[in-house]
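So that we are looking at the same thing, I have put the structure below in structure tokens.
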Amino acid sequence: MEFLVRTVNNLPPDTPPERREELRRAERARARELREAGILKRLWRVPGTTGTVGLYEAADATELHDALASLPMFPWMTITVEPLATHPQEREA
Amino acid sequence: MEFLVRTVNNLPPDTPPERREELRRAERARARELREAGILKRLWRVPGTTGTVGLYEAADATELHDALASLPMFPWMTITVEPLATHPQEREA
Amino acid sequence: MEFLVRTVNNLPPDTPPERREELRRAERARARELREAGILKRLWRVPGTTGTVGLYEAADATELHDALASLPMFPWMTITVEPLATHPQEREA
Amino acid sequence: MEFLVRTVNNLPPDTPPERREELRRAERARARELREAGILKRLWRVPGTTGTVGLYEAADATELHDALASLPMFPWMTITVEPLATHPQEREA
Amino acid sequence: MEFLVRTVNNLPPDTPPERREELRRAERARARELREAGILKRLWRVPGTTGTVGLYEAADATELHDALASLPMFPWMTITVEPLATHPQEREA
Amino acid sequence: MEFLVRTVNNLPPDTPPERREELRRAERARARELREAGILKRLWRVPGTTGTVGLYEAADATELHDALASLPMFPWMTITVEPLATHPQEREA
Amino acid sequence: MEFLVRTVNNLPPDTPPERREELRRAERARARELREAGILKRLWRVPGTTGTVGLYEAADATELHDALASLPMFPWMTITVEPLATHPQEREA
Amino acid sequence: MEFLVRTVNNLPPDTPPERREELRRAERARARELREAGILKRLWRVPGTTGTVGLYEAADATELHDALASLPMFPWMTITVEPLATHPQEREA
Amino acid sequence: MEFLVRTVNNLPPDTPPERREELRRAERARARELREAGILKRLWRVPGTTGTVGLYEAADATELHDALASLPMFPWMTITVEPLATHPQEREA
Amino acid sequence: MEFLVRTVNNLPPDTPPERREELRRAERARARELREAGILKRLWRVPGTTGTVGLYEAADATELHDALASLPMFPWMTITVEPLATHPQEREA
């Protein structure tokens, strides 16, 4: 099942640069694992922000939640999850 | 997978009573089928309205959509679907 | 009477892990008591968040409030309570 | 249990005056019955509108809903119901 | 003139218990005075929160404001005030 | 007591010009009476709309409501009323 | 450049079935052309609605607008367009 | 003084094409006059809609309002006007 | 040109009383100057808050901005500015 | 492609004046570079705030994002980006 996942990054502006870079690297590594697992399919940057919109696929919302909660940045993120149904035009495709 | 489904009923107030009753009976019949299929699990009335909140279960959002779209009242309803993940406290239960 | 209860968890991200775990265990214990008292009936995780949606039953809003206020996490939660009326389809059931 | 009930009146502006007056009288009569039944306790006009805020008391949301749905103006009203808990300061009073 | 007054309590969760209790007692005392002055007429707890909905009566919004601003918790409260007009059904009563 | 009153004009775009002009003249006449009665004190046009913001004065919300409800355009207006308290800086003035 | 496009379908519920089917077929045909042109890349159904979320690609917002405005259903749709920036994680991919 | 003006076009979808074209031409003509008068400076299409965002200049909000109200499409438009102050960076420019 | 200006005061509740009083006096002094300059015309207290609604007059939004930015409380205020056009009823007056 | 970019400045009120001035100068310098690069075209002050509305031009949202993220104030800004399509009236111009 596919989900549209929107994240807002609440990391305080005065977070020390090293800590920020450390989190960024860990986040990138974990994201790569989620891609390899077929869970994270596409990720876009919301322009002008440190937030993202992403296309995810998981068996259900519980599996999706566990994947999102495993992201190092999870404690500093506000995440909204929207379920997507297959559109008739893409059922035959 | 479980979903929380909220419906707002937009049937115009001046809909002839017979038409309203006919739709109501068809809706009730279809709802009973969805219960028997294990898709509709609980249904509540939002007090003071003709809207509902319901607990549904389906393989994914596509199956849920098809069930909701099969309701006779579907053309007159504004529906919002919220995905639910299993809470850790209920994973062991 | 049944209520739909939505919680948002505002525990700061930099809360020490031990303190977080201590609260989590206390919360879980209190929740078990509320289940046994028939007040907490179902609890779901809002995917991507540390928030919940729950189905509660209480004599009235005052009894529900006292139950919610007794949760160890209460001071760090934003809670919205929605009253649920019995749907005609479930009155006969 | 007490509820705060807010109504917005959607009766179209070009409703014939006689029909409007007929509904108004029927509404007033039904409201009087709800007062006598101890369900409708206070009713205020939201200034500048044809809407109201009301204090209602009922066993639960289901009884409240049935009372509200019995109002002649029900099909033309958008109603929101807010549950009220007894405040500690009024528990002793 | 009557007003519907809604308060949200922003006292930080980690406020020391003694300070919280001290404020609570002062608030309760001041509220009793406002009741005796006929300004505070009814007060409810918004279930699941530390907020309130209250029915107040004052000569005008200025007198109401001074009463609300005199509450010890005033600096930590977000307050919205809604003016209430007498409903025709209660004019004759 | 002073109020800030905001109106949105819902008169349908295809209202016949004569009907529109008739209502406009009646509205202007009634507004003049409210000015003479000291109820309507200032009226501004919300630029780009047919809506208004106005400063009104009345004994209370009930008197204000009766004045607003007496406006010929009342059935086609969405009105919000905000109570105003006297600012300390203007108490001495 | 990629865009996230959300549509809400406002076709009145009482639209004659033949007209609805005619529009649906025309819409499907035009959508196929937009896919072949590489403009429409993915399309999902918002569960419980007749609305969609879609991933589009166009040189800029003007080209995107022309594509969306060419859809037979355009006059009955409320569309919101969100620009997407390439995420650093997908720049190297 | 400069203003940012946002319009939403509410012309019903089933407006006869000739009437729509007639309005469009009249709107375009009037817009050209406003450009020549230096009032309308830039106009953009909100992608996916029949709405616009525009940069206008006028002596004040009253002159701006009269210009907007003179547009043939005015009765079918929802318009919001935002005042713009000169930015320090552009004061010296 | 006239403007309706709404302020929300974000001064932290635990601001030392002397500092609060110092700011209040400076704010009052500056407000008096703006009155004498004909910029600040009326100021009301939003009941139940430390916020205000005010009627201001300035050549344009830039002059208004400079006046508002000169207020000692400016760094702690959330301000929204609404442009007002002269209403036809007040053009002849 | 043109974008409308809205910024809200979240720099804490108690930021030391020297730090604030240092950031302001760096921001001004970077903005000048973006003007010379043809990316920043117009910038306005939202009256009563430290926020801005700006007209930007970039190849796409990714280039725009990089420009915005390069602003020294970026970590303290909430930015919303709106894509603009060319209006038919300006296509011939």
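Going by the order they are written in, the chains are A, B, C, D, E, F, G, H, I and J; count residues from 1 in each one.
The definition used in the following text is that a residue touches a chain if its C-beta (ideal position, glycine included) is under 8 Å from a C-beta of that chain, and two chains touch if they have at least 3 such contacts.
These figures come from a predicted structure and were not determined experimentally.
Visitor: Just to be sure I understand the contacts, which chains border both chain E and chain D?
Guide: C, F
Visitor: Write down the chain pair in H-I, H-J or D-F that repeats the interface of D-E; the criterion is over half of the contact pairs matching by residue number.
Guide: Among H-I, H-J or D-F, the interface that shares over half of its contact pairs with D-E is H-J.
Visitor: Looking at chain pairs H-I and H-J, which one is connected by more C-beta pairs in contact?
Guide: H-J
Visitor: Centre-to-centre on C-alpha atoms, which chain is most distant from chain A?
Guide: It is F.
Visitor: Measuring centre to centre with C-alpha atoms, which chain is farthest from chain D?
Guide: Farthest chain from chain D, going by C-alpha centroids: J.
Visitor: Whole-Å distance, chain E centre to chain G centre, using C-alpha means?
Guide: About 50 Å, centre to centre.
Visitor: What whole-number Å value describes the gap between the mean CA coordinates of chain E and chain J?
Guide: One centre to the other, that is 43 Å.
Visitor: Which whole number of Å gives the spacing of the CA centres of chain D and chain I?
Guide: Centre-to-centre distance between chain D and chain I: 39 Å.
Visitor: Taking each residue of chain C in turn, which ones touch at least two of the other chains?
Guide: Residue numbers touching two or more other chains: 2-3, 45-47, 61-62, 64-65, 81, 83-86.
Visitor: Every touching chain pair, please?
Guide: A-B, A-C, A-G, A-J, B-C, B-D, B-G, C-D, C-E, D-E, D-F, E-F, E-I, F-H, F-I, G-H, G-J, H-I, H-J, I-J
Visitor: Under the stated contact criterion, what part of chain A meets chain C in this complex?
Guide: 3, 5, 10, 61-62, 64-65, 68-69, 75-76, 78-81
Visitor: What residues of chain A sit close enough to touch chain J in their complex?
Guide: Result: residues 13, 45-49 of chain A touch chain J.
Visitor: Quick check on the complex: what are the chain F residues that touch chain E?
Guide: Listed in rising order, the residues are 1-3, 59-62, 64-65, 81, 83-86.
Visitor: Note which residues of chain C are touching chain B in the complex, please.
Guide: Those in contact with chain B are residues 2, 4, 28, 31-32, 42-47, 52-53, 55, 82-90.
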